């Protein structure tokens, strides 16, 4: 009794390449070997590298962001064998804490180059950019984004159980169909990618198989959650995940110190390495009992709260920046709301890229307004005024401040 | 000093047809005559009919919903001549109260027939349905939706200033283009509609002109707001609206006792007639000073709050119900989240149409999750558990309750 | 169905003296005749005069406050015969709305003269003072207290059921004992007061009896609640009141547009006449089932919220302003916290009386800190910074503003 | 740049007696030697032992609580020399994190014996009792208090700067006066206590002087704060402390994982050893500029929030349990509110001592109701219903559960 530490179910080594660590993997596949075992109801700590596996440095250049190797992402910790979990069960994940490593109290937010990753606003902002964040307890601040500071709603971007072979096949089918039928002049989805596959302890044929079939970790998917990037999956939250394979094969990673709704610059959260403390409980036959097709969750009770009246809120509609009317397109509408906010904050001296980074990682609220008033979807973006150390309320002309610069890529 | 009532800038008569009342109009056009005058900074009350102008009755049939004449909507009160307002100014609207009429303490939520109005889920739920809500102070409940009761986040669905002739022309151009180019097999926008046009006190040529050119009030639009259906424009909020014509020609209407994010069934809020108390203040040259292209707002400090941990939250992804992968489509993703919630609540005995109505009007939080993880947009729908009088937390199989029925249309 | 107004169980006439209206009374006594009947579960409106019965005017003098006749207060509406309520039951009061009268959209806050009423700080601030508040929807502001404005957490100061004869006797016994044994040089309690007794429709012997025996309405009392002056008994709250006599004899009054914790200037809330909407439900044998000796309640979900970080909070300890150490005295400690706040706000140009009025009626949070650290009780006073239109955060010297003056009494 | 850990300004050794560690002290005195230096604006970690210095064990007996040596408490870390701080300045302490040690993830709540420490309810509950709490990330639960679990609002019970010699003399004067004049039959204050004095690195004459003159750390005091036991001084808070000696001599300790308002059982918070991360900033001449006599603070934005409607709230009045009427005594009133809550929760099977422990450490809200309604002060105690895993809402008779037992002392 007493003095008992919580067990660490998996450690990582920040000084060793991620793809040399058996407790990590970067594809979703039912055959990735188990990395460890967790009892039902057990509380464990799980260490995670940052999603890029250490490709980004704490410096003032965005060249690393520009040249990032995206075939490697995301490095997740797991998969874990959860005692007693079987297909049809629900895995209840209670997140009890998320912390950066004490010896690495910093993280990063990036804008990818349009030709290597892109992002929500890449047609307007095609260049790579970066901000480094320093962590001081619950707070973060950045030398690249002066005059803001806020507590993180810390969370994992990714948590989920492995797909079954059938589900994996369906993912590959439908995403391939999209790739083959799209009329968009851009990459719309990432098919399995053997290059830089990391399947934990698997090697040889098994690793090759995972590389050929394994789903990329980039999108969240309805059948298991995965990279849903929901900022509210923070401390105290309980997520209900469907189990598709024996032992659940639960993985977690992509820790975020903070993220805005939408995570708009793609590498948009404050990405970090760290430790997550969680418990895993099996709800037998939960998929049937809850009639559950996708994960659901209860947020925790300790989110930062500023009061509703402290959110300066921008409206966006599904008319794009060229004046084209889209039909009920919430994505276009949310993009417009982000552009309205950029225009507003630019008045104070921030560069557009600085605001793009800020909206990606600060605790922005992205809400649905009206989604039925044809042809215009209306979305809102709420910006908490209290994260600024000056008054941004809409009272008239803005006074420009010295805002320095975010890190940019060399030509 | 003392005993001074707040001035009512416009009264309506609930017993008289809406189109016979000069203080109402149902098209956006710069030439609709002024209905009254309001001083800068003045606090006034403005009475409003419900958005349909009284077409819906307090009864147990949805035939009125099925047969609604949509050429008549929405009946707005105004436009008002705001002293000193000129193009380029910003009109600051502080909403100080919204109340139903004491003699009509009820409202309605409807699902339109797919062939007459439709809605967010009309491909799955094509029939008309209705729920009547009784108001008891801040609370509402419905004989058509047992076991829920909640305080309203009361607000106007529509507020805005009249477009200039140039802006109106642009609206008509771009919406006509959508209509003429869409490949969707459905009505995607509503062009000007002379039938049932009501242009306030205008008659003859002027009324005919408004009918031919006037924009429908159905969509919100970026240049002025209008029907944005944002539930947070409630008591205590301050909305900043661009002014496009001399005197602003401010109109308001479509009062909602409550609405969920998305207002998904289209007639989805709890629609009501009532009185709004507001002040109108002119910020000279505000459009330039705030670099404002669309309205922005500060919500009020008195929204209902349940604590973040009290929202059961459903995840939706942009894979539709037929298994088709869409590219970063937040609209599809939010639709999936609503379907997940319907499936969940159906377990307790609610019919799908009852939940469809409920999600339209209860204080549902529709949030953006990740909007960059190609190809899947992720959206969330948060359902406040405390509006139910039984426990809906995800603990296992559900026990069915007697849920009665919502009003449905005759065949 | 439809168009049915909520029944008004009792009307008042603001132009008629309160003591000539049978629906009002100003003493607690089991024999005050019923003023009306309310069914179990019924929703009703009940009209109330202000607690003084109209003694205070909307003007710029505090003479009325100085010369107030306190033998008349409080005028409550009732008592009501609640169908089926018997001793031992619990009456569940759900407050659904509280509103000022439309034709009287104003209220008042007063400091009494030390020799006629007094208050929490009367030894320091012995003179009468007053502020008049104008109501604009949910907001209030005062010409006597510039630069603040806030939404009201509107509520009744008093609600309760009549005492039984036994309970009344016990009240009179213990308060008489305090009066006869106190060593304080001040009025410590008010015994029954025949002068200006108003016992509703009672006259003659019965009225005389009520005058001689009836408890004053000034204090709240543990057996029934009464004048507890808890600001959180606002819209949406549910209060559980013990029933002591057949029919409950429920009364309500002393409506407050807003109040700070402590209501420190005694006439300290924003006092008003108005209408309360509520439902009354009987919980049979509730006193035994809940093991209830004093009322308990659940607040409503719609209180104003500013975020915890927006409350500038002052600490007070049980060492009084003369340097005397008191033993664990939370009252002294809270008084010190209020004095610290007065000193702080005085820096901006407010007079002490203005702040005294402000702390009485603005949404101040008075919290217990430590109550065990002998000999010092610690109490805190939280002041919401967002009710000011200038920045009061503690960043250095204050700039004085033109703060006008509150109403004061003539010499 | 990067990879830089936050400096730990002082480490403690949990295996070594507290009084052998130079970085700790247990009396307030201006001559306690500096334990370390902190730069203005610097972020540091400071380690702390639990307030008893390790006297309490993780076991199921309360004998250690009964026999505690109170002459030793509290062991604080410091005092620190804050660069540039001089008398008249204000030290701004931003708390950025508080964490238990990873190797000791547990804490304790105790009731002292009436004859050795006592507490708020010791006349009714005179025996020692104890509960041990396990920490799982932000959550805590106890084998001694089944069916509750909650996130901690983690904070230091004590933070403050050393008194000047003059202030110390005044403390000793006024507390001695209370001791010599009280008519209460109990210990009302603790004078300087040479026994077990620990003055950091001081020895010989200096240590003896500190023992003879040094103020006990038990009470908070208006001139510097100290043991104010305010639960809201948690992560993200900013406290403004007056500086009385050169270098400030800032100390901190008595870390609490959680505490209810009042900390009623005296050892009532969840006491723990751990690490606090904070920054110290000097505001020159702040005492004058803020006209500050006692500390003030801004809470942080990340407190747990359940929604106001989730607090079951008990009313207490200043009539004690023997029926005696006290005059405006908020302490008596709050005691009554705690007794009402004990009576209520007893219905579910908890022992009174279990509830006494629970109210001491769970996130209870203790609020001022009315403090002017002579003779009755009214105080409220709000109990968050969501910390229980069963429904405690007031709906009728309670069903008893198996509640086990808290640790008790042997006879």
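By written order: A, B, C and D. Residues from 1 in each chain.
Just so we're on the same page, contacts are C-beta pairs under 8 Å (C-beta built on N, C-alpha and C of every residue); 3 or more make two chains touch, one makes a residue touch a chain.
In this text, all values refer to a predicted model and were calculated from it rather than measured experimentally.
Path length between chain B and chain C in the touching-chain graph (shortest route): 1. The interface holding more C-beta pairs in contact, when A-B is weighed against B-D, is A-B. Centres computed as Cα averages put chain A at a distance of 32 Å from chain B.
Centroids of chain A and chain D (each the mean of its C-alpha atoms) stand 39 Å apart. Between the Cα centres of chain B and chain D there is a gap of 50 Å. For chain B, the set of residues touching two or more other chains reads 236, 300-301, 303, 305-309, 386.
Interchain contacts join each chain to each other chain, per the touch definition above. By the touch criterion given at the top, residues 1-6, 43, 57-59, 95-97, 102-106, 132, 136-139, 151, 235-236, 277-279, 300-306, 386 of chain A touch chain D in their complex.
Across the interface of their complex, chain C is touched by residues 119-120, 157, 170, 174-175, 177-178, 182, 184, 187-190, 218-222, 225, 227-232, 236, 240, 261-266, 268, 283, 286, 289-301, 303, 305, 307-309, 311-317, 319, 323-331, 334, 336, 340, 343-344, 346-347, 365-380, 382, 393-394, 396-398 of chain D.
Interface residues of chain B facing chain D in the complex, by the touch rule stated above, are 305-310, 386, 391.
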